[in-house]
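Two complexes, one shared chain (subunit A), two partners (subunit B, subunit C).
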Partner chain A sequence: MKFDSNTVKLACSKTDSIIKKYGEKRRYRKIVTVVVVILIIAVIYIFVPRFFNPRNLKNILVQSSTLGLMAIGMTLVYLTGGMDLSIPSVMALSGIIGAILMQSGVNPVIAAIITILAGGAVGAINGLSVSALKMIPFVVTLAMMQVMSGVSTWITNSVSVVVPLSYINIVLFKIAGLPLPVYIFIVITAISTFLCKSTLSGRWLYAVGINMNSAKVCKIPADRIVFFTYVFSGSLAGVTGILLTARLGAAGPLMGSSNVILDVMSAAVVGGVSIYGGVGSPLGAALGAVIITVLNNVLNLLRVDFFPAQVIKGVLIIVFVALDSFRRKK
Partner chain B sequence: MRVPFLRMKEIGKRFPGVQALQDVTFDAFQGEAIALLGANGAGKSTLMNVLGGIISPDEGVIQINGKTINIKTPKDASEIGIAFVHQEMALLPTMTVMDNMFISDYPVSMKIKINRAIMRKQCSEVLDLLGCRISPENYIRDLGTGDRQMVEIGRALLGQNKIFIFDEPTSSLSKREKLNLVRVIQKLKDEGMTVIYITHFLNEVYEICERVSVLRSGQVVGGGTIEEVQMINLVRLMVGEVKIEDRGTERITSVDNPIMEVSSLTRKGVYKDINFTLHKGEILGFWGLLGSGRTEVARGVVGLDPVDSVKMKISKNGELQPATPDTVRRQIGMVTEERRVDGLFLPMSVKRNMSMANLNNLIKKNSSVIDKSKENLLCDEFVDRLNIQISDKEQIVETLSGGNQQKVILGRWLEVNPSILIMDEPTRGLDVSAKAEIARIIVRIAKEGTSIILISSEIDEMMSLCDRFLVFNKGKIIADLAYGVSEDKLVGLAAGADEVIQEGDNE
Partner chain C sequence: MKKLVGVLMLILIVSTGVVFAGGQQEQKDDGKFVVGVSWDEKSIPLIQAWEDYMIVEAEANGPGNGLDFEFIINVADLDPTRQAANIEDLIQQDVDVILARAKDGAAIGSSIRAAHDAGIPFIVFDRKSLTEEQGDAYVGGDGYSQGRSTAEALASMLKDKGITGQCIEVMGDLKDNNAVLRSQAVNEVAKETGAFEIVTQVPTEWDPQKFLSGITNALQAYPEADCIYLASDFAWSAVQAALETHGRYKKVGEEGHIIMASCDLFPDALVAMEGGYLDISTTWDAYLHAKALVEVLIAIGTGADLDYGEDGYLVPGRLVLPETLGAMDNIWSRDYADWTNSK
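So, the complex of A and B:
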């Protein structure tokens, strides 16, 4: 075959434009998030100056940390193409278990460890159902959510379980003016982002989410990876249970009410995580959690009622999932 | 010269990385059946999908009776009277036979009520015509594959159709059902209908069709009336004459250096009691028609599909020793048949695709952190060695041509350097030069000591590359032949499948 320089040039410029397009596609997601943040800040600055009160900002950070940890758990599950609707209810139940243990005199540290293990155990059941029994994640975790909130209400009789002050003091210990949960949030965000981006398991995670069949041909232990993500999200729900219980001073079934899952999903999706698997990062979800918390806070300061606020957040998820879907089609 | 009833004129269609159809002109006459032949990926399905309005062509027109028509959607196609009998069952298992037949065009009375009496009557008539003993009220899920195929055919017979496309209709039919089908097609021809018949079984062509058209790599490579073309020529047209990298006579003939032995490999209903030995540096060809078990056995060997029984031995210090399948499989790499479906991670970069099977060896000592510089280095090395045309190793693999995509997959396994590499249709859908390049790579890695199991539908590729052939037929190995066997013998053995149509396999 003979090539003249023109054909070669044409072919090169064509390839270049394709590459550029794909590069842009990747950046697009980040740009959208940044634009949303700037817009929100501008609107807030004009309409709700009270927002920038340092005390309010600190509050937002603390609230973001609990939502963010759950969103990170959800992100790992999303990356493999799954979903875990049971996170908030698992969070509530493990918090309740920890609180009951402390009320009956168990050492707070041991109680906290058991709380995390309880969350991880429920995650393991979800994980086994999805990876070994090939059940549909949506159904399994929806049912698990139902079971968990049922158990929570049942063992507490809908009465909150108060935790000792010593426990609250430990968990909410302040360093440089910010309580411990904020640091835990930052550390876990960093670790899980590193895990996803730079390690073997992380690479496998994305591979499984993008193409399960190809992953199996490459001898990737796909089932084990999927199982692990549910254990991870369950354990993080446990961690969140500890932090939230301390913040509220008590643990109760309402901590994990079903509208919390909406916030968790919104945080991940707004943070650029694809519900179709293979795209996104824990860092994105963490930022998404901050955005959602800010939104909640602003709606609150503007005295928007609970129900219209739900409508706004629901629409927000639909818009972001639509964007995600639209990008995939292209 | 008669005016053809249907003419597809100068059809061209490009998919990313592959020219699926190029300047294809296809004529079909009334009262005749034309066979459309070609190996896998030759473009038959694409051409028929163009006719069915599923794919819109980049170039070319479709004419009926010399008049250009527009087919943009499947609905357009069915309004013109084109009926498609699909090979993959597009039936709804939880509905009845007659519901499935009328699903797109229910007879209604008083504009609202579905008239089930008419449905039952028409459906029974069609089933009788087909010699089918099922009732219109049977549920699809209760039927075997043969009966399901007959329902598909029945659906096509119902409407006012003029052109009937049969896509490998007999592959799941019993002998009796097949005879009925032949009778029905004869009746269609007598009524002046146009039949397009796609098949892998050449004797059916002579039994059913008046004319034949052969596609290869998206182009028409031959055709005419069946009196003009002979069976052996058809095979040659289908599998190609393009001479690619020939290893000449430097073949491995030694049988004293076995590397793997597979015995009593069985998967019920698919293949039975498969035994073979693979030697070091050998290219072993799995030869047979589609559905003969060649791909299925390969997937069973590497553990991609479950098997009912298998015993394996692997070479340790030059001696074959029994080992668990898992141990053996760790040493086998697999290039799958459909690289886009279970080969590549399309939205990922070239680099990530290439290191995906080798990540265990790319991590830093005593941790699970990926050593990015090692990863880059290995990727560069194999991009260079395989001459992969990319602008950057971060380029998304989806944007590459088919040949380069395939090289990425080869590079992936060469990074691992497995002792055994199975390649299923490694050159499918590639252009001639890419084919030759892949063939050169295959020869080179065999020379470097890797044992290869090669599956290809193209006889010339097999002839020029393999040291030994295992011929598959109906899930069994029917011959083990060394290099030097004639092409005609291989073709004949594989075509032997023609005489025996699978007996109805009622699950």
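So, the complex of A and C:
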């Protein structure tokens, strides 16, 4: 299909103005997120003073880091209008591969690099399936989740692979009282937010998510952008696999249980990322991960029973998705 | 970028301000002995039974030992990562002791280490830690004695009938230590007594679907089989379906009855025993497990020595036969529902 130059200019200027409009909306959304965080902190201060124990705050940051990294990966995929349900199972398989390599005497640094590459490779398969073969992201990544889960169980016989203490000590090494995963989380949040907001590729990402066809008309390499978001998501799943394996002291198929994907999606959605594409940022998803972790932590500290806690979390997610849908209609 | 830094700074300032302005810590209730419980799941009634029996036992026996028990309970929903986070949350609450049923025996080690770093004793329950970190005590059922109890009763029954049994062994998940021990026990009893031989072993990985297909195929291959040993009867409905397929689901005394011997006595199996379809079982005793747990908790709370074998505090099951079932107390699969309703 060919378009004359006037049509292309019109489409591109429209896309550009939509992106600017969304940019303004994003600013408001971020302010709203920050206000929500402050309100939550105030409420918690009144009802759960134990929450502010520095040890607990550190604990929350550590717990948020792994969830946050997966949520950032999911966010980039969401921004293009896609979905990656395979993140937890890719994370588990990557961690298992790294753990098996270490058990067989491979240097932990090399094992960690291979872990990330393994995640990226699975992401590349997802990306190719969606961008080149035009397969539906939900179906592709759901199937990939099943495949990864099967492979993890197959190669481990369902028995988790224990990693050496030296590896745990390296990955959980503390700087100024905070373990390394927290810094990795902050750095990746900052870099990915910068890439999304302040670079041409980032602009393309939003353009693809807002309207794929318009983006293609504007000569944006939409398929390549979509492909790389899945590779990025898979690679971050690999990074998470490294961190979580160290935290648990072992890697096994159960690490990628289906419950994890709900937390990842919740973190992104609560952080203002739209599941319909084109809206949100990695910083928002990172904040969303902190909010989800805080919610779990506070429910535990408040000694809320398991089943009501499930209901509360589920309702919260429904509310945020409803708000997103409502905003989009407006 | 400026905005990004601004947002991060704002959150940092607010958090830090609140932390240092507040800093007030909730004090643990005076005199309470707080037990943090981390369940891996709560989708099966056995776990709720453990919990309820444990609380009642603690309330009954704590005061006499100078302990006023309080329980903080969380559930990991089958996710080892969530369980690690839940246990970290229990540590934040300065509990006096942590008790956990591990979702992943290899991943629980890091939680045990974290608890010990915080000076909190750790009890591993029902599933052992597969790491070097073993916790301060292990409490669980004795899979070997349970399997042996059932197998010996089966051998005795066959001897009384004057026949050498041709038995199908339905195994559990051989990655589960209890399944391995139950299999070991029945094979040892078969060799020692000569009362029965295992004609085939059916692996199930604790999957009800495999109970159904495995038993169906085994009965097809060995129609002469006259007894079945079940490593667990939790999937009784699948067992029943397989027997029905071959027309072998018959009561004791009916033509074609196959002698059924099981471990656990889950609710469906209990109904089957009451109906005359299950001949022998040995309990996986929720009540006795809870009682043992409370004894260990009291020992930790009072600083008494933990006196048990190197394998941990292992609770044997109780042999149940149709004629003894009615007279036995605290069979959780029979009494628990009534007990909770009466509370």
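What we mean here is this: the second predicted complex is superposed on the first by the 294 of 330 C-alpha atoms of A that agree within 3 Å, B and C clash if a C-alpha of one lies under 4 Å from a C-alpha of the other, contacts with A are read in each partner's own complex, and residues count from 1 in each chain.
One rule holds for everything that comes next: contacts are C-beta pairs under 8 Å (C-beta built on N, C-alpha and C of every residue); 3 or more make two chains touch, one makes a residue touch a chain.
As the structure is a computational prediction, the values presented were derived from the model and not from experiment.
Looking at the shared chain after the overlay, A:159 reaches subunit C, while subunit B stays out of its contact range. Touch criterion not met for A:232: it reaches neither subunit B nor subunit C. In the superposition on chain A, contact is made by A:218 with subunit B only, not with subunit C.
When the two structures are aligned on the shared chain, A:200 is found in touch with subunit B, with no touch to subunit C. Taking subunit B and subunit C in turn and counting the residues of subunit A each one touches, the greater count comes from C.
Looking at the shared chain after the overlay, A:210 reaches subunit B, while subunit C stays out of its contact range.
By the touch criterion defined above, A:167 reaches neither subunit B nor subunit C.
Common to the subunit B and subunit C contact sets on subunit A are residues 198. Of all residues in subunit C, only 1, 3-4, 7-8, 10-11, 14-15, 18-19, 22-26, 39, 42, 72-75, 77-82, 84-86, 88-93, 103-107, 109-110, 113, 130-131, 173, 175 touch subunit A in the complex they form. Contacts from subunit B toward subunit A in the complex involve residues 304, 329-330, 334, 336, 341-348, 352, 356-357, 359-360, 363, 367-370, 372, 391-392, 395-396, 399, 412, 433.
Subunit A meets subunit B in the complex at residues 1, 15-16, 18-19, 22, 198-201, 203-204, 206-207, 210-211, 213-220, 278-279.
Here subunit A touches subunit C in the complex through residues 27, 30, 34, 37-38, 41-42, 45, 48-50, 52-57, 59, 62-63, 66, 157-162, 168, 190, 193-194, 197-198, 244, 247-250, 252, 254-255, 257, 259-260, 283, 287, 293, 296-297, 300-301, 303, 305-307, 310, going by the rule given at the top.
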